[in-house]
Amino acid sequence: MSKPYKKILITGAAGRLGSELRRGLAPLADTLVLADRVACENLQPNETALVFDLADEAATMAATEGCDAIVHMGGAPLERPWEEILDSNIRGSYHIYEGARKHGVKRVVYASSVHAIGYHGINDGIDADAKPRPDSLYGVSKCFVESLASLYWDKFGIESACIRIFSSFPEPADRRMLWSWLSFDDCIRLVTACLTTPHLGNTITVGMSDNKVKPVNMSNSGFLGYQPQDSSEPYREAMEAKTDAADPKDPATHRIGGWFVNLGHPNDEAAE
Amino acid sequence: MSKPYKKILITGAAGRLGSELRRGLAPLADTLVLADRVACENLQPNETALVFDLADEAATMAATEGCDAIVHMGGAPLERPWEEILDSNIRGSYHIYEGARKHGVKRVVYASSVHAIGYHGINDGIDADAKPRPDSLYGVSKCFVESLASLYWDKFGIESACIRIFSSFPEPADRRMLWSWLSFDDCIRLVTACLTTPHLGNTITVGMSDNKVKPVNMSNSGFLGYQPQDSSEPYREAMEAKTDAADPKDPATHRIGGWFVNLGHPNDEAAE
Amino acid sequence: MSKPYKKILITGAAGRLGSELRRGLAPLADTLVLADRVACENLQPNETALVFDLADEAATMAATEGCDAIVHMGGAPLERPWEEILDSNIRGSYHIYEGARKHGVKRVVYASSVHAIGYHGINDGIDADAKPRPDSLYGVSKCFVESLASLYWDKFGIESACIRIFSSFPEPADRRMLWSWLSFDDCIRLVTACLTTPHLGNTITVGMSDNKVKPVNMSNSGFLGYQPQDSSEPYREAMEAKTDAADPKDPATHRIGGWFVNLGHPNDEAAE
Amino acid sequence: MSKPYKKILITGAAGRLGSELRRGLAPLADTLVLADRVACENLQPNETALVFDLADEAATMAATEGCDAIVHMGGAPLERPWEEILDSNIRGSYHIYEGARKHGVKRVVYASSVHAIGYHGINDGIDADAKPRPDSLYGVSKCFVESLASLYWDKFGIESACIRIFSSFPEPADRRMLWSWLSFDDCIRLVTACLTTPHLGNTITVGMSDNKVKPVNMSNSGFLGYQPQDSSEPYREAMEAKTDAADPKDPATHRIGGWFVNLGHPNDEAAE
Amino acid sequence: MSKPYKKILITGAAGRLGSELRRGLAPLADTLVLADRVACENLQPNETALVFDLADEAATMAATEGCDAIVHMGGAPLERPWEEILDSNIRGSYHIYEGARKHGVKRVVYASSVHAIGYHGINDGIDADAKPRPDSLYGVSKCFVESLASLYWDKFGIESACIRIFSSFPEPADRRMLWSWLSFDDCIRLVTACLTTPHLGNTITVGMSDNKVKPVNMSNSGFLGYQPQDSSEPYREAMEAKTDAADPKDPATHRIGGWFVNLGHPNDEAAE
Amino acid sequence: MSKPYKKILITGAAGRLGSELRRGLAPLADTLVLADRVACENLQPNETALVFDLADEAATMAATEGCDAIVHMGGAPLERPWEEILDSNIRGSYHIYEGARKHGVKRVVYASSVHAIGYHGINDGIDADAKPRPDSLYGVSKCFVESLASLYWDKFGIESACIRIFSSFPEPADRRMLWSWLSFDDCIRLVTACLTTPHLGNTITVGMSDNKVKPVNMSNSGFLGYQPQDSSEPYREAMEAKTDAADPKDPATHRIGGWFVNLGHPNDEAAE
């Protein structure tokens, strides 16, 4: 059985998630093109690497040539000053979609974020495609790409999954991750589902493991066939032993964006 | 413990599903009355058989006499010229409901179909009782019976479950069935749930196994207590090895009715 | 300015509503083709007349030839024995849609009925496209045509408006019509809106005048641009003076189908 | 790891559920204060006991002093004459909330009941926080406390979970409990989840085990992290053997309140 | 034409709204029975008066005898200490419903209040039957009666309209009333609609005039046929000239309960 | 009565709508600060003018100083190449919001656009705050600002109304504007409502006059008190006389974005 893709471009390939996806997506494509601002290490036979900045339009568009799918994990991974968000996340993602359009890439899987909807309450009973309610400029940039993905599907026929990743770490790193955690293996399962589902269209979903706490109604995403296999539960006891209980009235506790909602403006922070 | 029913009429008993239901529903009734246009084979001690056409009003109504439930699987099982759909599915089902009314049958389980709602999109997040959106004259006839069932409940107090069966086959027969498959055993479980739930009223639900891909939100059907036990997953690898990937933009891929949405008019086909 | 249509076929043209539509739709087409089982009288220069039964497939299909729109008001106008409903409303409407398909008619306006949804409660807050819940075989036949219209749009691209007409009479004829009345002029306004709206697609709406009591949320139909100008209010005092108050617990009072919900089976009635 | 609470007040501690909660909640607090109208037996080292009537404002408020959470299970446990409902459930619960307000208690878990929503239909597809539709004065008193809890959250910042407990018994005691059963262990799991979830706010949920029949859509309660471990299924066969099937048209069968919906007025009963 | 009612009991008849209703409801009944804690003045020939306290069960129930409808406006009209709310609003309203049940009164129109839902936001887009979210003990008592009305309809067949009256005053008395005002004439129109609609069942609606600002979606109440004729607009200029603009972040501005949401606990106030 | 604002900044003040708003908003502020890339003419005594480019961060932020409200109409008014959209609409609007934050501006009214949701269907029955579904890069930039407005409310407490303006022209300029038209006077009414409503929070609404065709359900915006006074109806006859009927199957007819949905990529166009 041949692989579903010939060549998949992975942006942010040197990052935390990118490294995992190199392993996880290998079965899906003959070649993985690894792109990052820094060099990726330990290249495998099925891998080629590119070093460029997403803000570089020409380089970014060139990287998409010949690819039949893009897993776009690159860009600033958390709140940063506006200029950096603008360059890496807004302009950079536009370059990716323009590359896809110019070179006939059929499908994009994008690492959106819980921070695109971070001000929704943990007990609001939101759906996976809840309306934008960003908690940071970082989150605003994620909303921007989600609307860009919508346009490129409706107008240019490029399929996208925008995965609002909650907290993808090796293991839960704080109490909040007891409900927001997405294990690396589940992340790979979800990206794989988005790449292999027969019809993707323009889809917004969320990325969490099978944790006990489920603040999002996932029924609209059932067509993806994503079934998480991991849970934060084995980490609960140790985490609760070493950390204090959360304050129920702290917005960081009751908004799904967590501590991002308590951040000030990144340019103020940078100026200090 | 006595069986819940004295006599259940199964129409279409010689068909693919009918044969399985003979086995599966045996525990629910003292007698199964098997009805079909052709003779049923291998009659068991708990079975009696009738041969007639559903378009035959007198015969159909007579068959319902003395029954306390009907499992109505008969009629044209896929797209057919209008006259045949009219006779077997529309007129035939009317005869069944009239028989139920005249002879005091309390409950009907009807094999409706995914094709009653086939033009809904696979990622529309539909509920089990989504609005009619048929993909064929066959599907229109299923919508007809669903509205007939509604009338016979509201006006005459006859309970019905209209099960929108997706793809009930011995095993998944094409890639689409990797999400639409309903195993025979799960079909029996679902029909059994409909026959034994304390209160059925007029219910519309869908019939699928516990496949990974779940394009329908089933929460409104939770009261039935149907818990599928089978999955298409064990068949995936072999199926993907021997078939080509679906085209994401083919309506047969992204509409839940599958290839039915690409059929022309059956009378045109018949004329060719 | 030329008229929007060259030739509109009006079925049921000799009936109560049909006569009014002859007057009301004259500005929309060069020619009105009047079809009924009985001869239409007082033919005008812009009118041609045909006499045939909708159950006659050949005649019905022939009548649609050369038309660019159909206003399908024909068929049994209230509860009738099954065979008559089957012939005039189910088979007859199928012939109309087949004629439209064969002869390239672009748009159909169909007289559906409140009786397609008659078992919904008057205070259920339903939308104009509420799910089928027929109160009679007549109502079931209306549901059938609504699903047929859906199919012919999705598969064959024929636009339809199914207008669930409540009570279209010269003036309110009983207390229920104080809320369910659709004046003839408003009926013409609504049919005209359906024929002239730039995009119709497949639309289900309801037909009522601007009565004080509004049991249906019409917001989904706002795109049609229908603005009723009449009201039952001027008739209220006289009607209340000459009729008894309704019994609040009579289903005919609290179900929107009115006295239809209290009808028995039409074939039983016929047999008496 | 220290326990999450210093002192939890359990009302109704001598009752059926209260006794179980003594065992189940011990890990959550240094001290459990057991309150009931009758003496609790077998006091453990971590327990202190109080005997008073909830209608006694001074005693009830005094009992809440020094507690940081209240598990309010006390009051009339089923339909009773109005004066008793008024005193124990309405006035008594007001005393509890006033105690919480005066003494700075942060969180209340309240035993609301299926009877607050008992007239909803079993196949209505309700959510866990369905609108009030009580089936008894008992149910009305539960609605009262739910609205009181809402006020005390919005105005005074006291978090509450109102758990609409279905049927919490050692094992299913009738056929209805095959779907409405909440095992004692699952009840403890649910109360524990409400006491330990980082942010509770004002939450309404339902209490049922993982029974096959699921008449309530729980997706809005996913943030609680409650995962039932028990099921009524092992009891089904024996229960069905010894009891008659339910009448599908008996309101006690199709309304979720069960036999409560068939009760008359409790003061009439008392007068007989 | 005879009047629709023989005898209507109006509670709170000596109050602000009660006096208006004496005038407004006169056309609906042969006799108005006026009940209040104080004597009503200027009795008309069609009026009889009773003086009693709603907390007096025997007197209240006696007052309902022989009436075929009750317009229940009595009880504490705003936030009061708990004991007073309990006696006049909770116990008092129970006595009214018990009187209705014992003496066969068919329909009750109850003055519920915006304060039953006062914590909903002005821009939340709520429906007329939004979930309880009281802003005061007064509001909690309104929720109590709404749930009581639900019970007495479902179990005893007594129809009720619970009108969540916003601000019924001779004219807008503060800036908030520019959107919350219900003129006396519109109040009479609404109560009249509730008394004369053919089927009322158990209905929750809101009472506001046709003000420009419409924070509540009224589409579910369209079946009542209530059409307000007054507007606060003529009072705007004068009101804005003599009062300061509201603070957008004051909860009294953005919660529909207005200044009630800023009230403390009434018993604390009373103690001061 | 003093004016509600001391100083309102109007961006895009030299544009089509800006000129009208100078007239219309004069009653709301002591001073209007007119900002545009070109000089505004005919300055009035209550006006001061600034000439700068929104892409100029320092100038834009300086312009907001001392203002208590901003009416942000500036930026590219239709589809433009990406770099221009990026500079004027994305970067420019960020500068506006940063100015508001730095200088304590309390409220922003933003000219969002139908093109933020242009791919929704005209008969989809959308609400005023429908999910983003842009039809152009221009529309994507409008979605960006809507999410930015959400962030600045949730995190920094700046109120915003994002008005999705449909077609604001002196009079309907094509057939589509017969339903999408927003007269200048109604535009002024709507902006005025947004500036004077007591509580605005973060609001998304749409801007259309009281045209017959109403494709958007406005019930969620009722709290604004916007009541359009104009209608396209007087222009219908002339418009229909001089233009051809729309093709019902042209996306420009059935998507609310109109001809924008048929545009290609602006950079391609620019390159030609």
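Per-chain residue numbering starts at 1, and chain names A, B, C, D, E and F are given in the order in which the chains are listed.
Here, contacts are C-beta pairs under 8 Å (C-beta built on N, C-alpha and C of every residue); 3 or more make two chains touch, one makes a residue touch a chain.
From a predicted model like this one, the values you see are computed outputs, not experimental measurements.
Touching subunit A and subunit E at once are the following chains: D, F. Subunit A and subunit B touch with mostly distinct residues; of the residue numbers seen at this interface, under half occur in both copies. Just to note, of A-F and E-F, the chains joined by more C-beta pairs in contact are A-F. We define each chain's centre as the mean of its Cα atoms; on that basis subunit B and subunit C are separated by 32 Å.
With centres set at the average Cα position, the gap from subunit A to subunit C is 51 Å.
The distance from the centre of subunit C to the centre of subunit F, each centre being the mean of the chain's C-alpha atoms, comes to 41 Å.
Taken residue by residue, subunit E touches two or more other chains at 219, whereas all remaining positions touch fewer. Chain pairs that touch one another are A-B, A-D, A-F, B-C, B-D, C-E, C-F, D-E, E-F. Those residues of subunit C that touch subunit E in the complex are listed here as 121-123, 125, 175, 179, 211-217, 219, 237, 240-241, 245-246, 248-249, 253-254.
Contact residues of subunit A toward subunit B in the complex are 1, 4, 106-107, 157, 159, 197-201, 203, 219-220, 222-225, 227.
Subunit A meets subunit F in the complex at residues 82, 86, 90-91, 94, 98, 101, 116, 119, 129, 131-137, 139-140, 143-144, 146-148, 150-151, 154-156, 261, 265, 267.
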